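Just below sit the structures, each encoded as structure tokens.
Each of the two complexes below includes chain A, the first together with chain B, the second together with chain C.
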Partner chain A sequence: MMEERQNSSPLHHLHPSTKVLCLLLFLVWAMVFNHPLYHLAITALVVIINLIGGSFRRALSFWKFYLVIACAAVLLWSLFLDEPGPAYNILGRHIATSAILYGIGMGLRLISLILFAVVFSSTTPVEAFTYGLRRLGLPYRVGFSLSLAFRLVPSVYQTAKMVESAQQARGHNPRKGGPLRRIFGFVPLMIPTILYTLRSANNLSLALECKGFGLKRKRTSLARYRIGWGDILTLALFIVGLSASIWLRLKGYGAVIDRL
Partner chain B sequence: MKDLISMWNKTRLIVLVAVTAAVYAALMLPFKLVTIIPGYTELRPGVAIPTVFSILFGPAAPWGAAFGNIVGDYLGGMLGWGSLFGLLGNFFLGYIPYRVAKPLVHRIKPGLWGTVQIILACALASIVCGVIIGWGLDLLGILPFATLGNIIIINNLLFTCILTPIFYRLLVFRSRRWNLHYTQVLGEDAERRSRTFGIGIILLTIGAVGGWVAGNLLSLQIIEGSDLIALLQQASGGGYFIEGASGSLTVSWGLSPAILMIIAGAILI
Partner chain C sequence: MKPSLQSPAVKVSGLSFTYQDAHTPALTDINIQIPRGSYTLLLGGSSSGKTTLLWSLARVVPEFHPGEIAGKIEIMGEYNTSRSPQEMAPYLGLIMQDFASQLFSSEVATEVAFLPENLGLPYEELARRVAEALQMVGLSHLVGRDPQTLSGGERQRLAIASVLSGEAPILVFDEAKSDLDPAGRRQIDELCGRLCRGGNTIISAEVEVEEGAEADLAILLSEGRIVAKGSPKEVFARPDELLRCGIRPLDVTLLADEGDAPPQTVEEALQYLKERDIHPHPKAPDPKSAKPEGEVIASLEGVSFTYPRSDAGISDIDLSVRRGEFIALVGANGSGKTTLVKQLNGLLRPRQGNVYVGGRPISEYDDAELASMVGYLFQDPDHQIFHEQVKEEVGFGLRNLKLSEEEITSRTREVLELMELAELEEEDPYSLNKGQRQRLALASVLAMHPSLLILDEPTTGLDYLEVRRLMSAVEEMNRRGITVIAITHAMWLVARYTHRVAVMSGGNKVFDGTPEELFADEELLSSHMLSRPQIVELSLRLGRYCPTVEEFRRTFTWKGA
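Entry: the complex of A and B
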């Protein structure tokens, strides 16, 4: 679903740590309000960020998904929140107006979070992501393991494809039958795939040790990123935006119901 | 719990963290299309990976499960608050089975009692995972516990309890042969159960099952927060420790004791 876009938007040139920090700040920002109008403003902001990052088309291609999210959020929260105040009586069930508004707000919150994830993953290569995390204090070995996991995912698929072809040649088709049969039909496909991956893990750990992975000296990195004015400005905008939103919420704005 | 930190000094286990994460994420991604709650959860047969890798690779599995969830969410474009609690819940999903099913460390064929132990350990881990994620997202006001918590628990129970014993039988021989089993990497210390295992498992079970039941009762508003306060006050002999939390006690507050019990139990096992 997501992949890094080879592009040269201003967001591509930001320092990876700035982007990780902005992601963390946005995760908090999206939680501040629960009023749909305020969330609409935040969603509009993320749409603008997507336009700047050149990922808007990609984000827009999931519009059906957003529609389902919005409908599901309204339905679920309307059913589960029993709030006082004006209400509708639908099929004998008391559904508060505030619960419906809260549901719309939650739908928009989810959409804005997904839109932000789209622009983040479209403008940040995996190497930059793990580099950013390391610069923010994540230990080298943990960062290495995380980036290795990202790199191994395509090779797991490649192995699975190879195993599937081999099994199809022997007459086993895991894509046949109903959904449950298909799920359990994947077991004979998964086991050889896992075993192949485990064998490569064994070889990889030997290769890493041969290259001095166990050494506890300070490491250098081939990729170098520099913090520029763009990074400072972006971070400042996010901090000011988040602080203003928290201040507004503390003053009683942006909430339909008194909860997150 | 010490082995969760000390494993970062073993190259083989570090690679196994990445392998667990990659296999888990790779199995998660195709099923993103079989969404149950859009943006949050989907049908996940891959949850059997953290549990079976937990019994095989010990402390590498909790980190692998946590990272796998992040990788899956990142590649699936669903990175958000759900990922944070997903990370925590999946960490426990990978942590509990190997701590509970420790006597199986030397067995190639687990036998009937061994299989029962695996299933019980998986069931406990599945419930803990669902309670933590359901609690976290309800705490943030994203989704009600009764919806997300139950869906995750049922999905986890279904796939981990059925697939883990099957996968374990098929993978244990090779993993031992390639010296990948955690006891072969960490040594004899990793085989011993902690002295506080008994208390830990009791706390963990009460926290998990109690949290699941209480979460549903509170989320479906079958009992009100104030009823729970009265109940707790009665149980504590009218103590004052909960008097501050009056009024509408939501799922987030109501489940906090269960979450604390789960954490304490996990430390003690």
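Entry: the complex of A and C
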């Protein structure tokens, strides 16, 4: 029954525990380097993973967000990281080349993390995520609550859109005026959205109780997952990749600023 | 469905319940017995105690919503007092009105499997239950779909399947059909019939009587007390009592003389009236309502719209709206009604075609200007309410129009009086009931003095008294010259209030005419699962068109009338 999923890719068929472990390994992997070229390689790897997982178009739809992150990272690290060595003098301010490179690296690190989150969420249903967490030893209630939080994000977004339309129909435009006016302009959107979400959350918890949530200590599952060669190969690739990266970093490669 | 001789499915003795912090009880001295395998209709208006009674069976009160409870409840021969709502799940399935918040899985199959998984059943049993539940609601073909991508009717059926998979012998529906179109309602009714025949006990809380004639037992609640109990025929024969409790009685029951057993079907009414020598009144007025012929204030020319990554939308729609018209938009869930009206206030912009308001393309208006011309009332008032006082909520739109404080105060007072909310102007909007909040939302839109008012299923979830109060205010504004477009599934509203009706199907406008023309077209009605209100059906059978009981009484005369 569970095999009849839409959008099946090789990543969809991996065991949920494999995917959760890969997520954890990638979180470490993304922290190993700070050189933009090494991060570019990692970002390219995540792009390939997105292509395999069939989530590349979805990942690409956030391109404006990536641009903002990249610009903000370069700007912030360039301005606030005071490093010795070659530098530019821009508007009387000393801006180190290494700080600029470090900023680019940080921007790529954030982008690769988002790209990984996109492929993970696209190929892992919330139930599989809960299952994966449970198999790794997390209590079911904790895992379920965590995965539910992810699931509710689109629902809160839908509510916010509906509220925005309802206030727009009364002539309200929060994107008009100066910064202070804009901030206060979001109050008519936030209050109904928060209250509506709280009400829905209350109804949801009632529905969960009435469906016997937490009734038995041993809960069964319709979903059946088996560890296959794909899982072993994927985990091996991640472990080898991460180990190699740590070895390279310990040998002095992959860092613009060694102490960071 | 005849009750069996076993112990009743539900036995409630002397049940009273008061919510924590409430001053008045929600239920008082409830005594009922519901036989196994029977279908019980629980009727009552807003705050009548229907939901609290159903929750008490499922132990939602006092376990989830605490309060003081007295009396005894037996479910399948056992007291439920020591049980939690989770422990009640194998015995009693609860399907709530807000079905969207009952769905939380990413796949249809896992949604349905959730309840039996919690019961710790083996895989083979889980697979069987999921397959059977989906087959019963006709969703087997959607097993791998994300529930969020289903239509409203499909999601409602999925919510039912997600409870059916628990195979509880008692199933409780709490106004679970209120968001559905007539076709969706009929599917749920057929499903309830099948479940009953299969041995399930069904308890269904409703604010309408029209679909409850098949029930074995009807219980009428008001202010937490049972005011009538018996077969539907016995309870429906008390139209005055139903009206007092916020339930719209069957039209034809209002035609009987005092002391007579009222007819309940059109056939019975025909026989009853023929026996009393019914004939058209000699001075009967022409029942055709005068159609306003004012200037065109809004129009759509060849408008098409599709949602991103979806086939849903509208296609090549032409519509001219004249000043003073009251137009109904009807059609199945997902037929494009809301998409169509959202073009008129700029919430959606057409991919193709033109939209004009007040003779100008809507692109020439800014948000505030357009909002002052086209008012839009959303289905759920809680999508817009955020102020701490009723009068401040009404003033919100007016401040966006940058009116003077004097003007804001004057308009606020005017609309609050019209909506019978003047005495509550200092109250917190969230302390009002659903009907009052809906009227407040309407007041805040009307205060902007729009020339066109759009109502998106404004009566969903309201009882009959609240619906009449809301619609009377809308009717009054229409009489004063405001044009109204209302999306609705309630055909009696179409007959009673509107001059014109458009039928939407699959994103196309398939009919545009008067209600009389629509109700005369049997083929169109049946192909779009629309039905005539009882009084319209009866009057047409007698050769005239009467949209209301009052009109019927003006048109016909009979002995004792």
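By our rule, the second predicted complex is superposed on the first by the 179 of 260 C-alpha atoms of A that agree within 3 Å, B and C clash if a C-alpha of one lies under 4 Å from a C-alpha of the other, contacts with A are read in each partner's own complex, and residues count from 1 in each chain.
Rule of thumb we're sticking to: a residue touches a chain if its C-beta (ideal position, glycine included) is under 8 Å from a C-beta of that chain, and two chains touch if they have at least 3 such contacts.
Model, not experiment: these values are computed from the prediction.
Engineer: Once the structures are superposed on A, label A:K211 by its partner contacts, choosing first (chain B), second (chain C), both or neither.
Structural biologist: Once the two structures are laid over each other on A, A:K211 reaches chain C alone.
Engineer: When the two structures are overlaid on chain A, which partner does A:V163 contact: first (chain B), second (chain C), both, or neither?
Structural biologist: second
Engineer: Considering only the touch criterion stated at the top, classify A:V68 as touching first (chain B), second (chain C), both, or neither.
Structural biologist: first
Engineer: A:I114 contacts which: chain B (first), chain C (second), both, neither?
Structural biologist: In the superposed model, A:I114 contacts chain B only, not chain C.
Engineer: For A:L51 in the superposed arrangement: first (chain B), second (chain C), both or neither?
Structural biologist: neither
Engineer: Pick one for A:N34: touches chain B only (first), chain C only (second), both, or neither.
Structural biologist: First partner only.
Engineer: So in the superposed three-chain picture, is A:S145 touching just chain B, just chain C, both, or none of them (first/second/both/neither)?
Structural biologist: first
Engineer: First (chain B), second (chain C), both or neither: which does A:R199 touch?
Structural biologist: It touches chain B and chain C both.
Engineer: Classify the contacts of A:F186 with the two partner chains as first (chain B alone), second (chain C alone), both, or neither.
Structural biologist: A:F186: touches chain B, not chain C.
Engineer: Determine where on chain A the residues touched by chain B overlap those touched by chain C, and list them.
Structural biologist: Residues 1-2, 148, 151-152, 155, 187, 191, 195, 199, 201, 204, 208-209, 213-214, which sit in both footprints.
Engineer: Report the residues of chain A in contact with chain C in the complex, numbered from low to high.
Structural biologist: Spelled out, the residues of chain A in touch with chain C are 1-2, 4-6, 125-127, 148, 151-152, 154-155, 159, 162-163, 165-173, 187-188, 191-192, 195-196, 199-201, 203-204, 206-216, 218-224.
Engineer: Could you please specify the touching residues of chain B with respect to chain A in the complex?
Structural biologist: The contact residues of chain B facing chain A are 8-9, 11-12, 14-19, 21-23, 25-27, 29, 32, 34-35, 37-40, 43, 45, 49, 63-64, 67-68, 70-71, 73-81, 84, 139-144, 146-147, 163, 166-167, 170-171, 174-175, 178-180, 219-221, 250.
Engineer: Per the contact definition, I'd like the list of chain A residues that touch chain B in the complex.
Structural biologist: Touching chain B from chain A are residues 1-2, 23, 27, 30-31, 34, 62, 65, 68-69, 72, 76-77, 80-82, 106, 109-110, 113-114, 116-118, 120-121, 129, 139, 141-142, 144-146, 148-153, 155-157, 160, 179, 183, 186-187, 190-191, 193-195, 197-199, 201-202, 204-205, 208-209, 213-214, 259-260.
Engineer: Report the residues of chain C in contact with chain A in the complex, numbered from low to high.
Structural biologist: 58, 60, 63-64, 84-90, 93-94, 96, 98, 100-102, 104-107, 109-110, 113-123, 126-127, 130-131, 143-146, 148, 162-163, 166, 342, 345-347, 366-372, 374-376, 378, 382-386, 396-397, 400-401, 430, 444-445, 448
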